[in-house]
């Protein structure tokens, strides 16, 4: 694993093609949970955790079962790569369910604050997107886990930035028709434009 | 073994394994919660106005279920939603008499005299300690709209420097009553027809100098209908505003027109007494 | 005197002090007026209860109101005359208050009430007798907050006081009443301070004077030699508003920081205004209660700006007439009781002078500050100049959108209301009024919380 | 008459002149500080525009009428859009605080003199409406309007934005091999890529030329001398604090010298980077825009260092030759966080227990 391989995975995932701001995936929790900085931190860490584990699980499953047709055993010659998305969704859903139960037990406050957005991570396209990207780029299991973790970090960074801006906007006198989601979308748009500055950073 | 069957089997196996993992997690870590709270919270108006004395509708719903607080304390919810809450709880809910807020002052910028130019925050509570934003009468409505801004139902409007409550919009949550620094806003039964729009306890002569729309305490109305009006200091208060009607008012014919019908409460376009300056004085219009 | 180490506090600013307007002229005394309206509430704490009825005859300095509780001081008649009735008069801070009306006799009938006989050998009279005299003379702080002096001089046993600080800083622009008092009565002030030190049982006295008042500094230093009973150190302070604030003065002289929400006695200090010390001297050695004070009547519109010895209860119109009224072509924008930074704007000429009226300031309409609450540019000038180093811009925006929980988290309760942030704000925002409102709202919410707890 | 005339002044003593008293009805009643010091917000914006004048003159000098065209279009369209917004929103026009004019001039300085009119107008629309008025006008916007406008133009209309005019030869003979249509930064990037030696860009002749401003590039980016004059005037007039520009320039200098030390040949020397591109304009006029920069001095330094690092990263490693506007907007996004962590501890601070109070909605104007 040379530096040339590692760089696009780490810096690429966090800054250059950030999962939210460049690839525009997972925008619904991005807009939904960024009202308060504390809940944004909670959500960011939850999504990073889920993305790391799900990237690991999905890439293991991918390489074992789906990447190439079966070579041994009774199912010889069976190529299941078409079932990739289905398997990924099932894995991610159950992982999130387990994380939700653990969080309800251990950090009640965060569970209350995240509310509907925690189960929403199951259908969160950022998590599924990371898994799909790993599969299509055919990275090794370790690399795709790192990629999952880093894009989770990218998601958390973008969410943190966005939540702190929205908390500051709480105190400004935004005209009534722009309050709420519209100002959030405009701010996210400007942030995405700024992140395009990193284009070409990683060859 | 056809392709489809194999695929189904493999994915099924993965689903089974993960299902068991979830089952185990539920077994060890589950936490029980009561779902009636959400149901009641959705029935409440959700305006978080605080009329029930709790922090908001969610808090009130929790109190209804856990501390069985009385649902009729919610002033803003309609009769049939109160009945539906009763069904969820399984106990009868007493119907509430509908109350409406009213501002007991008719001294807008055309009637009330200004004693100085005010330059500072356009907020009643802040201006109250600066001689009411330069207004002569120290019982009168400051007219900078703190009640109008904070009314969760948008029922209060400031017109010509005086707050006016629209009875049809007002649900009687009472938030404005505690906000007004001059304690001008009172909750009255919804069907009241006329009031005496003044709150100043000063003597008539003093009021005459500060505002020509104030009640002079001439007690004409008390003499006409002794059981419906009582006089306290320089002011007369209508005891049972619901019993009044147009014919009675003509019979009393209040000299200063401070006793008038609720519909006529909207201020007249202007007469000579007030100095006509805007509420914020000479400072640049904010 | 060894030059004591001076701690410089961060923040504050240097407004143009206009002291020349009134400091050159010599102190004049206002003539006798036919009618005085003495304010009932002239002190922090409970207002005293009236103990005379309409028509009683009183001598100059005889008691007309008894203290209602421990934190309250008696009230004395400024002149010999007959008591009028109890009427409501426009008060200095914007709302009408009660006042006792005294109709004075003729010029020659004025003679002091000799109920309090002078104590000449104060050095060996016991401390509580002296404290009783300070209470009977109705002495309060004369800087801005009229806190009863005898309460300040009796700290609870668990909070020992080891330093007495005299506040001669007078950092407010335009005002020179303390400066003139120090120049003419330095010895009397220090004697008063020595008496207060004896009551407190303190041996260390600091006198803080801003070093733009050279004459006063020299006069106080000369007088300090003669005081044997306590070690008096006169310290020149850097000229910076608000150097005279309690917390800033204590930090400048002793390096101790009064934490947010605490009192000077928590760090072992007591702060007395120079005027109060002079009043203590007058009460103990001459037996005169506090009925008169030196007030600066100043401002460009005034014909004869200067310092005047004014009796309590003199209405504002009489004080202005004593100073020659205003010039023909002057358009007066504001009349202020106190200094331009922390004073109260008045809206009527009937407001009577009270014990903490350190100045009567008239400003032209062009000189007056116009607040129109423009949007905050978060330029940071207010944060840079705030003597308490509070996050002022966040506080101002939070108070503007009525987020008092956010204001409390950012320490709005620690605000001195010194006025620096509103003066330097380019967007002309009324920050001080925002914070004053936030404090009132938070106090009310706290009260509601307490009632709810009691109610449950 | 009392015996000592000077000692006390009785009320009847001045009978001949009627004593004049102010009319209480026209007194102003307002909260406590009654005096104000320092310029208003409108005057501050005017001072910034004044300090931009030397740079304006230099751009007109080198790029002639084309520069004037771009500047006029940008300023007028910015002012027009703000006026239009105030009319639509039904509010009193806020043109008197000159912030729209300032944004227009800064936007004009950020683009080359060959920019077509429609790009300027679109950029002004984004800068004034989307980056400022939508957030509620002056003081409420988290991002610097001029920088957002410039990024929108750079990404939206990449083609017309990268054509640069050759400066008129005023002080030096026309550069022999000046690559027409490319800024020195762009050229340096290409040559470094091709591995050619960069010593021309470090030669004293080129550096003097860049200092005076006779190089290709957008209007405000060329003459470092004029911008320095304006910047130092701004600091002297106490309109901005010196910490942010010094932090930016210092960080760029350190970063570039480190890169040159470890892998020479990837980028020209420190002076080249300081004098070319939008660095001078950005650090003195755009990064120090009070509304979008941190409140405290400590925060300003962190903000400046952040911008410095981002500029170098984008210039050296990124594909865009000029990273100033990107880094300003990125650091503006971080300002709320910086303000949260770089606030000063109040005088005599002790941890006050914080209890939750229900916030009351509603705005006091």
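Of note:
By letter and in written order, the chains are A, B, C and D; residue numbering begins at 1 in each of them.
In the analysis below, a residue touches a chain if its C-beta (ideal position, glycine included) is under 8 Å from a C-beta of that chain, and two chains touch if they have at least 3 such contacts.
In this text the structure is predicted, and so the values were computed from the model without any measurement.
In terms of the distance between Cα centroids, chain C is separated most widely from A.
Looking at A-C alongside A-D, one finds more C-beta pairs in contact between the chains of A-D. Centre to centre, using the average C-alpha position, chain A and chain C are separated by 63 Å.
Centroids built from CA atoms put chain D at 36 Å from chain A. Chain geometry summary: the mean Cα position of chain B and that of chain C are 42 Å apart.
One finds 46 Å separating the Cα centroids of chain A and chain B.
Residue positions of chain A with contacts to 2 or more other chains are 172-173. Residue numbers of chain D whose C-beta contacts span two or more other chains: 24, 27-31, 136-137, 139-140, 339, 358, 360-365.
Touching two or more other chains at once are residues 115-116, 119-121, 123, 126, 130-131, 134, 150, 286 of chain B. Residues 170-173 of chain A are the ones touching chain C in the complex. Residues 9-11, 13, 15, 26, 28-33, 94, 173, 247, 251, 257-262, 301, 304, 317-318, 320-322, 324-328, 332-336, 340-349, 361-363, 365, 367-371, 373-381, 383-384, 387-391, 393-394, 400-406, 408-409, 411, 413-414, 417, 419-420, 422-428, 430, 432-433, 436, 442, 445 of chain C are the ones that touch chain D when the two sit in their complex.
For chain D in complex with chain B, the touching residues are 24-31, 92, 358, 360-365.
Residue ranges of chain A in contact with chain B, taken from their complex: 61, 65, 74-75, 78, 80, 82-83, 86-87, 90-91, 94, 97-98, 101-102, 104-105, 108. Note for the complex: chain B touches chain A at residues 1, 3, 6-7, 10-11, 14-15, 18-19, 21-22, 25-26, 29-31.
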